[in-house]
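Letters A, B and C mark the chains as written, and numbering starts fresh at 1 in each.
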Amino acid sequence: MPLDTSTYALAHLRLDGRRWNELRRLHAQISTQAAADGSSYLEQGNTKVLCTVSGPQEQKGGRGGARDQGNEAKVDVEMNIAAFSGMDRKRRARSDKRVQEMQVTIASAFQSTLFTHLFPHSTITVTLHILSQDGSLLAACLNAATLALIDAGIPMSDYISSVTVASAPSSDQSLDEMDPLLDLNGLEEQELPFMTVGTCGRGPGGGEEKVMVLVMETKVQMARLEAMLSVGIDGCKQVRGILDGVVRSHGKRVLESKVS
Amino acid sequence: MAPYTGIPLSPAELSYLHTSLSQHPPIRPDARSPTAFRPLIAETDILPAANGSARICFADGTEAIVGVKAEVEKTPSASSHSINSHSINGEVADEGVRGLGSGGVRDVEDDGMDVDGGEDGKQSSKGRDEWLEVAIDIPGMRDDDALPVFLSAMLTEALLADGALKDKLYINTRFHWRLYIDILLLSLPLSYPLPLLSLTTHLALLATRLPALVSEKDEDPLFNDDWEASTHLYPPTKDETARQKPPITLLVMSVGENILFDPSREELAVADAVVAISVTQSHTNTTGPDADADADADSPNPLHLIALRTIDPPSRLTAAGLPNSLNTSAGAGAGAASQSLSSVEVAVTREKDQGVSVWRPPRGGVKRAVLARMIKMVVQAGGVGEEVLGGLRGVEI
Amino acid sequence: MPSEVTPSTNNHDFILTALRQNLRLDSRPLDTYRPIDLTFSSDPDTYGQTDVRIGKTRVLCNISCEVGAPYPDRKFDGVFTISCELGPMGSPAWEVGRQDQTEIILSRILEKTVRRSGALDTESLCIVAGQKCFHLRADIHILDHDGNVLDAACFALMAALLHFRRPDVSIEGEEVTVYSVREREPVKLTMTHHPFCITTSFYPSRQGSDDDLISVLDTTLQEEQCRTGSLTISLNRHGEVCNIAKYGGVGIEGLSVLTCVNASLEKAKMFDRLLKERLAEDEKARQAKIGAMGLELSAENERVMERPVG
């Protein structure tokens, strides 16, 4: 691999100058689109995601009927990776398995976090537009979807916050260990074994975060998992704090505009 | 092709709208003047990975993002020797990539090249139509649905008719830029999204920058990797009005004798005719007969009409109202009377009503005089076209 | 659109209550598999055809290969594709041509477990760089769905890959000769490691609380329909994890993920042992068949006349 991370071992700094446990700049806005029930825009480094939520609403189209008989709302996720989002222009077919897998992941993660039993016979549609991708795509989508669902006012038990962690050769070369790295960019993702962790808090005083989503697709030694997982869960906590800040500052703005 | 169906208005509401829009001056539901546009929010250069990008958000909540990406591509050369060697390579490669799509497509293009490569008439314009690709993504619609296909055809047509854009993609005899314009409509299309997409594409192209070329002539192209040194596809000038610009497409509708710009969804539901008009600023570097004409003109950059398309107005799909004389449920007397009418008589009564007392979807086309006035209002000096371009000039690029 | 029959509330509660008392309908402990049965094709010339049964779940995997051109961007690699077929034979909820969630997850996880982890050395499939290579294709058919399709499919695929022999080739200058099975002994595929999928399902240990979870291995279809979450881990016997997939579902604690990984390692070793045993047995049987009198002299009446349609 031409672009190696071996410099990390020397300087303790990653390709973009971060330390091992630093997140990239995470910037988010909510209520970005007036036309949707809920919307958000999230930048995690150079990964940019726009999310809109519509619903809960009656299922549209002909395929309703049999499917919305359940006494729980169904979460539908549509993901659209813009052709210009990557380095090279590439149009992704909607039937791409990788995209479908992410859709399934996001849908089923929120299915169990949202209080879907409050909206029987209905559908909540989450649409994600990926405008630019530079690593941690699934994590950014989960975070953006959380914000948009909060904006839509759909009750949920807690934020789902997500982050990626990798395992890199240790900075201390005398040890035969691996250092976990938090929040990968596109280059790091191509080189290092990594996993996406998504956790859901348990509300105030509810105890420890629970892992909702855990996706890893590269080979890694079992022994390294523990370090990766604990750093990941910790990173999710940080992300949750940032997301919470976004929601609170938006709430404050809304209240202020109502007063004046 | 129907832009959309399911207009949630009753014949009475349609009739009311139609009447108010045919007043002199017309009364629009949002109290705009006939030529006024709705306010919009625009920004450019929002995507780091694209050569140029823009986002426009209309007041009704419809929003579009356009990303322009350019890739260097080898131009299949015209000399017969290299064609032969190329196509042999192509065939070998083709076996391996069958089913991958892009490889196959490129080969098809190569075949097309061979045919018109010998044509000397092509020499005057260096660009080729296929160097430009427009793709539109509308949520909830498949890529091969009628609306996105039709919209992208219209936008491509306007961009190519301009002629200037494809020539800008020429690098040397062996290489060219291939420009991909990807349009993403973020919300469901509430009104006909053509002007939104066209204006966003316009801004994105204005913001598009290509890396500066350092190699010379027919060498393999080598680019300056300093993005600061990159050149604009449409180079900015000191006097912004004189800057060469990509074309814009405006949607114009008529109700009776009235001409309305930037129609909203409700207004489109009663339109007699809807026309998409593409205009561009004439540019100083055109060679040919109309260069002299430009020099003589009063205005420094008069607008030119480059494409015109009538669009099937959604009003044709609305349900007609029923004249009271035919209303069977209105009362016993009327009911008895209408039952005695034969189907021919019913049809005649309906025809005679002709939209006088109740709403009837428009029929037929647009009058030539109205069409001429529409075009004139767009292209004339100080007309709507200049006004829109002036407005877009305010967007920081 | 057909859908699976969901267990009634009574059934659902019964299964849950039983699980909370460490009981399962088929009286297995919570962490054991149903009897696993692996058979290879009985035709001595057929390689790479496996039939795996875990309880009532039955998966067929067939590997085929042909010579073709490699992808232009991967000149030194052969082509390996996995295709999963979920038809109405397996479960009435599946239709041909309609993609459902099970199929997406199944094919993605197999892809990640076997292809992305580099279990098969695709470079060994290359014949002439950039021009000729073997196209290997694995077809997986779920014949009967009674839960835990993932583990069964992955086991069937690994078994088939280890059993398969590709025809031998020789290269002289530009000439490439592919020998048939009768001409030259076919060659085994080069496998770098043997990963297996292990799926753990989770059940709430108390009504309405997600705090303590019961983890259960190798669920039947009914149990699967009652679970609140699942975690699929793919790893080989050396403890190299190739894939972890937890798509939503109930939240689990970080620590229990690690416990699951450790438990899965035991099962992966079990799968590995079983596969090696069965492969050795099959090898012996084939040798005996050929060795005794030679194939031509064999007068077996039970000889398969036609290859079974895979």
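Just so it is clear, a contact is a pair of C-beta atoms (placed from the backbone, for glycine too) under 8 Å apart; a residue touches a chain by one contact, two chains touch by 3 or more.
In UniProt terms the chains read A = Ribosomal RNA-processing protein 41; B = Ribosomal RNA-processing protein 42; C = Exosome complex component RRP45.
Keep in mind that this is a model prediction, so the values were computed, not measured.
Chemist: With contacts counted as defined, which of the two, A-B or A-C, has more C-beta pairs across the interface?
Modeler: When the contacts at A-B and A-C are counted, A-C has more.
Chemist: Measuring between Cα centroids, which chain is at the maximum distance from chain B?
Modeler: C
Chemist: Measure off the straight-line distance from the CA centroid of chain B to the CA centroid of chain C, and report it in whole Å.
Modeler: So the centre of chain B lies 52 Å away from the centre of chain C.
Chemist: In whole angstrom, how far does the Cα centroid of chain A sit from the Cα centroid of chain B?
Modeler: 36
Chemist: Could you put a whole-Å number on the gap between the CA centroids of chain A and chain C?
Modeler: One centre to the other, that is 30 Å.
Chemist: State the interface residues of chain C toward chain A in the complex, per the touch definition above.
Modeler: Going through chain C, the ones touching chain A are 1, 3, 99, 101, 104-105, 107-108, 111-112, 116-118, 210-211, 228-229, 231, 235, 239-254, 257-258, 261-262, 265.
Chemist: Would you mind writing out the residues of chain A in touch with chain C in their complex?
Modeler: Checking each residue of chain A against chain C gives 63, 66-67, 95, 97-98, 100-101, 104-112, 195, 199-200, 207-223, 225-226, 229-230, 233.
Chemist: Please output the residues of chain A touching chain B within their complex, sorted ascending.
Modeler: Chain A residues touching chain B: 33-36, 46, 48, 50, 52, 78, 80, 82-89, 91, 94, 127, 129, 131-134.
Chemist: Of all residues in chain B, which touch chain A in the complex?
Modeler: Touching chain A from chain B are residues 46-50, 53, 57, 60-63, 65, 67-69, 71, 135, 137, 139, 142, 180, 182, 184, 186-188, 190.
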